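You will see chain A twice below: alongside chain B first, and alongside chain C after that.
Moving on, here comes the complex of A and B:
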């Protein structure tokens, strides 16, 4: 771990918000599991937590952090350090801090109450969603210098993937309901990391039986080892592509 | 003259002897008969054959006289995977206390461990059946009793395994306290009338726990059907009484607690439906009274298709189901009244125990996904819970007459 990363992590931890966030996640997860008599129901609640709150915190916190560190970044740029190295260090620092908060807060109760394929999938998906929205925040904040615009964009990104995308999918489903679109839907669902994550987790749960015919098609694809492999590759791409674009932009940007 | 009297007297005495003192025949090692077939050959009607412990592999054993055959400490009759072990072709036969295993497999004449051909007043009691194609098979039987049998098989595919208790064209049967698992259908009824199924435990069967077709005026009480491939199916039947049964863990793509297809004039009372994909699936069902049932933790508590009419759904508990109702149309010809719905959010100002605003048990998402199954893609998504919520407050897409006018404020206690 290099010096800049270490500095970013200590800075975030000293900031205490991440500690509060981890405690909040822990309180919610332990609370859910101890209130529900049925673990799978608790997992469904946790799933909602992972798909809504985790990306929201990840994208907004990272965006604001990046804007607030702009002077620090400028200072670093005056030092004999490679540009890409600065960006990488910032990225890994933020990633590690948020990852730590998530794993300590939600990961431990998940693995204690559901130490099986479902729990592990849930944890991995949570880690992925976390990382994807940090990467998206990096992309968003490099696109504009205006802080208000940047934070607005972060919120819009979250709103789009958490809500609007599903509305769009619903609209498409109704427009093309006369056609066999299940297979197309498999492809479309990969366009939203949140949807992809939700389906990945649901297919590990009993409730997948309720998804009927389309569920069966999904299981055919996502249920196999290679399908799960493809899903995680797509999720990894969702981390890599936005970050690499932002890295390219950062390297060429006139600050 | 006197000689004639003597002869008549002799015949009379013989007959008396014949009727009054049925023989007991013993089969087993060190007994008079070493195999069952030779004892059967020597027996007269209404004799009792005791079979001592041991293994008897005698191919097909045919019982053509009214006999009581009792196994002492569970002798084994082995079909070696080739034969139907016991064929009963007489009435008043009692078959009690055997282990029957490894019947033959044939798709044309359906060999069973024990098959009753046109037998009346026969009893099959206290047997253990293991790994047979069909377990107990009754055709053209009347007033038969099947009681306390344990029927176990390890079927994997529907085509390769028969039914546990298979009844065809029979009348007035009693199926009591059997436990059946691993067969195709646990209990199968086709053209069976005036019969009762009571206190059976049917679980882990490949297809249905209980399968009813064209079987009128039957009743099943206090049975447990769990973990069956597709639950229980009652089809093309009228006058069925279903009470106090438990339907649980029938979970899968096409699994139901009960599948009701073309059923009329029946009662479903006091049953418990727990953890089924669909608790009750009704299609073409009419004049059914559904009351005092409890639905817990099902995917859909009930799916009532638009082809159902004049059903009364009253005084049931609906607890923590993902969806309380599902339907495929807007036509509602059924009556919902005074049920307890845990998702009800109304109030009761006058304190009479009934909510003052009607409850709409149909959620928007269940309507959408019924019309457009691929919408299940959005199952458990945020937008769907948001839309469900707004629909509950202001129903616009769901049929507005699909409602319970007087939902109960408190859960009914049926335990």
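Moving on, here comes the complex of A and C:
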């Protein structure tokens, strides 16, 4: 691991917020599993908790961390260090530190109570969602120099994907219910990484009742296996595209 | 050692560097002077790769520095306002930079001793005064025996004693044949340091002259007066030409 990544990780791990975050995830997961006898039901509850909490912490913590590291970035830039390496190291450092908290908090109980394909899918979904929102934070914080604007943007992003997007989809559904909009809905559901992650886990669980409209269409369209494959690919794009755009911008930024 | 060719940079609509071409050699001590906002710091940051110029090239020892980073091993940079991670102690900053540079040679700790940095090494950057932060910046710039020293307003914010120590250190490094670039608008400070002067105004180079030549041509003995008289001549010339145009 390179020096900057190591520095970022040790810096974040010492931060008390990370400990609180891991404890919160642990309390929620252990709590849900000990109160719920049915593992599947427990997993569904945890899925929703993860899809709400992980993006929130990932996007806001990363945004604030990036703004606070502006001095550190400036110091690094006057040293013989490649620009893209600085950005990559910050990215991997933040990823690894947040993942550590996620795996210690939610990963352990999930794997203890559901040590099967479903448990592993859940973990992967957590990892992906975490990575996507860190990548979005990188994009957001490179777009504006103003810290208040940047953090505002991070909150709006989370609000949009975690809460508003579902409402918009439902609204569209009701408005256009007379038309054959299945294909459109599949495309629209790929526009939200959180929705996509939910569909991914539900496809794996095979609970059609819980799948919701876009999930059902997804399965109808692609079948379970290729549906999961396509979900994964799009989620990977959600990580790569925002981060690579931010990397390009960072390489041309004046500091 | 450093060759700058036709450098242009715009911040929005403002042309900060306008077709700047300069060359600096080993053993020189060059003063970059000019009014506030004339593009001195932007020029320096372009050399360091912190600002990406719109067009033009910068060569360091014959190699284009665009998208390069290794050449910065040979530059010590002291920023105008040093910004450091607030929670790091001075000691941590110094060791982090050292390990980032992968520097294994002998450290130049002259300035650290003179500024007595050891006594405050465990203080966090946030708690330091502006002057002390400048001292840390100076230590960092000189610590790794770089071939080129780029000092942006080095004595601003330092107390007279500290700035005297720094000046002596600069003279010592100059005598070792290093290239030193200083920006300043305190002309009186530069008298016994510099070998040539670059005067910038609104992003363009007004003149780049060796100090001797400048003093002789203006028949002044002090740098500040020499520069003032050059500027006066230029203004007079401008007035004359514009008057001619009008009549």
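In the analysis below, the second predicted complex is superposed on the first by the 239 of 255 C-alpha atoms of A that agree within 3 Å, B and C clash if a C-alpha of one lies under 4 Å from a C-alpha of the other, contacts with A are read in each partner's own complex, and residues count from 1 in each chain.
Here is the rule we go by: a contact is a pair of C-beta atoms (placed from the backbone, for glycine too) under 8 Å apart; a residue touches a chain by one contact, two chains touch by 3 or more.
As the structure is a prediction and not an experimental result, all values here were calculated from the model.
Asks: Tell me the contact category for A:52 with respect to chain B and chain C: first, second, both or neither.
Replies: Once the two structures are laid over each other on A, A:52 reaches chain B alone.
Asks: One more residue to check, A:198. First (chain B), second (chain C), both or neither?
Replies: In the superposition, A:198 contacts chain B only.
Asks: On the A-aligned overlay, A:182 touches which partner chain: chain B = first, chain C = second, or both, or neither?
Replies: A:182: touches chain B, not chain C.
Asks: Considering only touches as defined above, state whether A:167 meets chain B (first), chain C (second), both or neither.
Replies: first
Asks: According to the stated criteria, A:147 is in contact with first (chain B), second (chain C), both, or neither; which is it?
Replies: Neither: A:147 stays clear of chain B and chain C.
Asks: When the two structures are overlaid on chain A, which partner does A:216 contact: first (chain B), second (chain C), both, or neither?
Replies: In the superposed model, A:216 contacts chain B only, not chain C.
Asks: Mind telling me which of the two, chain B or chain C, contacts the most residues of chain A?
Replies: Residues of chain A touched, chain B against chain C: more for B.
Asks: Going by the contact rule set out above, which residues of chain A touch chain C in the complex?
Replies: So the residues of chain A touching chain C come out as 3-4, 7, 11, 69-72, 74-83, 251-255.
Asks: Would you tell me which residues of chain C are touching chain A in their complex?
Replies: Going through chain C, the ones touching chain A are 11, 45, 48-52, 67, 69-73, 75, 77, 79, 83-87, 93, 96-97, 99-101.
Asks: Under the definition above, what is the set of chain B residues touching chain A in their complex?
Replies: Where chain B meets chain A, its residues are 251-253, 255, 277, 297, 299-300, 320, 322, 368-369, 371-384, 386.
Asks: Taking the complex as given, what residues does chain A use to touch chain B?
Replies: It comes out as residues 38, 41, 44, 47-48, 51-52, 162-163, 166-167, 169-170, 173-174, 177, 181-182, 185, 189, 195, 198-199, 202, 206-207, 209-216, 218.
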